[in-house]
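Per-chain residue numbering starts at 1, and chain names A, B, C and D are given in the order in which the chains are listed.
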Amino acid sequence: MAEIMSSEVVVIGGGVIGAATAYYLCREGAEVMIVEADDLASGASGACDGFLSLQTKALGAHLRLAMESAKLFPSLVEDLEVDIEYRPCGGLILATSQEQMKELRARAKALSAEGLEVEVLSASELKKILPEVGKEVKGGSYCPLDAQVNPISLTLGLAHKAQEMGATILRGCRVENIVVTNNRVREIHTSAGSIHSRRVVCAAGIGSNQIGKMIIVDVPVLPQRGQILVTEPQEPVLPHIVAGAEYLGTKGNLQALLPAEEEAMKLGLGFTAEQTKSGNFLLGSTREFVGFDSQTTPEAMNAIARNALRFLPWIKDLDVIRSFAGLRPCSPDGLPILGTVKGVKGFYLATGHSGDGICLAPITGKVLSELVLDGETSLDISPFSLYRFK
Amino acid sequence: MDTGQEGRMRLPEESCTLVAVGAGPAGLCAAREAAACGVRTTVLDENDKGGGQLIKQIHRFFGSREHGAGKRGFEIALELAEDCANAGAEIRLNHRVLGFFEDGRLLVEGDFIYVLEAKAVVLATGALERSFPFPGWTLPGVMGAGAAQTLVNVHGVLPGKRAVLVGSGNVGLIVAYQLLQAGMEVVGILEVEDRVGGYEVHESRVRREGVPIYLRHRLLAVEGLEGVEAVLAKDLEKGTVKRFHADTLCLAVGMIPQAELASMRGCRMVFVRELGGFIPWHDGDMRTDRPGVYVAGDAAGVEEASIAMDEGRLAGVAALEDLGALSPNEARKRKEELKRRLNLLRGGAAGRPRAMAKERLAAGWRHR
Amino acid sequence: MAEKEMRVEKHPVLGVMGRGRRVTIFLDGEPITACEGEPVAAALYAAGRRVTRYTRKGHEARGPFCMIGRCTECSMVLEGWGMVRTCMTPVREGMRIWTPGRKGG
Amino acid sequence: MKGDWEKVWEEARERPVALVDCRQEIPCNPCEEACRKGAIRVGEDLCSAPVYDPGRCDGCGRCVALCPGMAIFLLDRRGGDGQAEVTVPWEMCGEIVEGERIWAVDGKGKVLTEGKVVKIKWMGGRWPTRLVTIRIPEERALKVRGVRFRENSVGSSEEVDQEYDLPEDYPVCRCEDVSREEVLKFLKMGLRSLTALRRSSRVGLGYCQGIYCQEQLRKELGMVTRRSEEETGMFKVRPPVRPVKLGRLGGVNG
């Protein structure tokens, strides 16, 4: 196609990270173009739950990033025109053994040391905030700052607001090549024509590896499948977002919290539950490396259902009306990949969020906008450098 | 069964040679062919009776002897189910297929959930009544014409006292007639076109009972508080609006093929207007583009029950051929005979566009 | 509408329609006469009850639409079991069903 | 009078004969199967209209009972008294008794005359049809296609005088109760894929899995994008395609 476009910044990917980046860039007055191969939230951002969970983050930089991100959500609620269904509901992690309780206690201590308030609850204390749990449940940890959001509305809201501020969104537009001359990004070839731009943010999620190849950089992002069950809508009955301790285990590869069952291990099973604003329960989830296959499987549906009933037996009479699977852009250590790449000026990475994309989107957008426009960030993002893997 | 906590219960697995999903005319006929040939055959259906939507058809059917023509629909349903069972197929009623995965496995809910694997799967999942939104369409008392038919003919319960029907195709005409048979008053049939859509013989039947057919009348809205109280329609000739006092509105505006399982399985889906919408692509023998997956009946394009029967038989024969249970020669012979019959059934003015669509499908179906 | 008027007693084609024995079911606590084995939705219709649920958003009345288990408009709460499609659920003596979304119910 | 019917008219002086009023291409031949005298032929091409030879008809009435279109009748003029007996298939509710008077109507439902019911006979398999024979003046006999007690229900509507104001907003998606207005709002935001539109508007995310509203959403999107239905595509189908209890799925309450 002959059309030649130009933009100050091009953001590749119309998921939550791309939308957030575009939003914060636009707030700083930048001219932004979002290039999206399909449509907004068509990848992992549209096929995940709405957990904004702080207590599940890795200690250290990851947690700090998440805590900074959490602070930004209330401002988004104010600023975005779409109802993002943000609910500061607090989050629970439930333990099903004394060993797990011990781990949760240790984590709570460590998290508190880093400034995140987390309370350990005995079985009887737990009863006060979640009256009915499975017999196996021995207690849990509660983080009042954990919250919930509608990931699709969030993505849509950010992108829409960016658009209002002048951003252009190219839908159904595939990036075919990135032209680099004199060590600097110059042009992006897309299925809709060429775009002249000296700054490109790669927020392409599981497509990041392919984008990286265009500038001969290996971006180690692999798709990790997460399956979720959706139930019929109900009156609000689940006050918090809830996860099982094994979710922490499979997420952070914490030996002490991995599931005992072989099948569950294979699926990377970890219990999560939330009730959305529309009333549906979202029950998760798995962590599987199966390439780009986003089908749901009978085994996982069965395993997720069975696992959910261990924690919340009273939901057994709910109808499951759908299942879905998202492909998380997974990095080798499960932490995001943020920052520049060596030898190619004007290319920025905002990917590899590994299932924390929704939670980390606002802060990612904010620091990326700083990085792109000022060359430096208000928060140290060096722990998330691409070069930590080498 | 185990209560799940300690029970490391996995999904039970089962296998069989041929599975037909749907115990309507297509599924039963496909299964009968297979079972009669000695192949281990299972039919799954979510209803508590076999026969599909034939069970609510109390009128005598078109077709020829092979299709039970001249008999009433429910009578044909009983015979098909009996034939199928006598041939040795196992008909599992109250079994819901929840999923058909790309690896070919079916997830089924009967008394418990299980995984079913089969070398051949015939999807005969039927169709759904089409509807469209308009003001008041969600009021109780607005329903599919087939829904009203189910209520009166299967359960012997009237949906109301006075009905308006929308659509003068064969379904609209027949259902209007059947509501009258059960003792309901039919206030009128609304038709947006300038002529009746169904056969003259069906039109005549309702007209003889004094039911007016309002041509060039568009349904505007339904009024009512917690149920239908009146139906508004616009006379497109005069530009005036009529209000009909009725407590029931039946929509007879076509059917949509239901082939969601084919779509889930990864079958190529094509949009064929003449056949009601998206259907799995299939060749002249009812094979989809996925090995071992066949489709028949309304799920392969909305047509008559008699066609569903022969398509089911055709799918059964094709599956038998692919399974090696039938010699190529024998299969060819049977397929030719069935195709000859199908051609005859699609011979009239009403059938020709469908016949042509089916031919285009068999020839590969490319975008025009 | 009285039950007698809603049930087809003698049909010109089907003759006297066979029905299960008369039993009582409870709709939002109120007893309703039904025939064993017929779908709950049909029993409600026979009793002149067409509303099967109220929507969560607009509190609008809804009723059976497809009668073959597809539209889910007839879904109601069956005590001890949860949501069921009433057009697919046979009547059993004493079953208690509740109208979802009904105010003051 | 058409050629065939002239012959029917003549033959009916000798014995009751069938009057086959079937002109359309209908894939159907029970009349041929019903006739033991070979008076009705459809032949190989199922859709051809029946060819009928009144000369071979013995007036048994089997075709009248079995015709799915209820388009065959009997005419009997043996009386020769200016009256004819016409037999029609009848499957309506209510009772007809011999001796009572009833309307005779034509194929459009117009009342032709009043007649007296002279015979009622059940024919046609396990679930038979009633054949009702009425006696009417013979000049009307060829036109009779039915009998009826009630008057036409025409007149049960009223004209609405004022310009009728249609409610503008109504649900597109029944399950999730999403209005058309809401859908348009998301289209205005620029959503262009069916999946994205579904996820954002929630049309099709309900209990029924979007089988009713999908077509509508496709239409709305197609109008904006000018894409055909095939190009717009379908909702991705995810299991379970029928609601299933979580306990069942997890293998608990079997």
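Definition applied: contacts are C-beta pairs under 8 Å (C-beta built on N, C-alpha and C of every residue); 3 or more make two chains touch, one makes a residue touch a chain.
Quick caveat: nothing in here was measured; it's all calculated off a predicted structure.
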item: Per-chain Cα centre nearest the global Cα centre, belonging to chain; value: B
item: Whole-Å gap separating subunit A and subunit C, where each centre is the average of the chain's CA atoms; value: 44
item: Distance from subunit D to subunit C - Cα centre to Cα centre, in angstrom; value: 27
item: Distance between chain centroids, defined by C-alpha means - subunit B, subunit C (Å); value: 24
item: Cα-centroid distance, subunit A relative to subunit D, in whole angstrom; value: 55
item: Residue numbers of subunit A (touch at least two other chains); value: 232, 296, 298, 301-302, 306, 309, 317-319
item: Multi-partner residues of subunit B (at least 2 other chains); value: 4, 9, 11, 46, 58, 72, 99, 101, 107, 113, 128, 131, 138, 181-183, 258
item: Multi-chain contact residues (two or more partners), subunit C; value: 8, 11-14, 56, 60, 62, 65, 69-70, 75, 81-83
item: Contact graph of the chains (line, ring, star, complete, other); value: complete
item: Residues of subunit A touching subunit D in the complex; value: 38-42, 46, 152-153, 156, 160, 163, 169, 171-172, 229, 231-232, 278, 283, 296, 298, 301-302, 305-309, 315-324
item: Sites on subunit A touched by subunit C in the complex; value: 232-233, 279, 317-319
item: Interface residues, subunit D side, partner subunit C - complex; value: 90-94, 127, 129-130, 171, 174-177, 206-208, 211-212, 242-243, 245
item: In the complex, subunit A residues that touch subunit B; value: 134-136, 261, 263, 295-299, 301-302, 306, 309-310
item: List of subunit B residues in touch with subunit C within their complex; value: 46-48, 53, 58, 72, 128-129, 131, 138-144, 146-148, 150-153, 155-161, 181-183, 225-227, 258
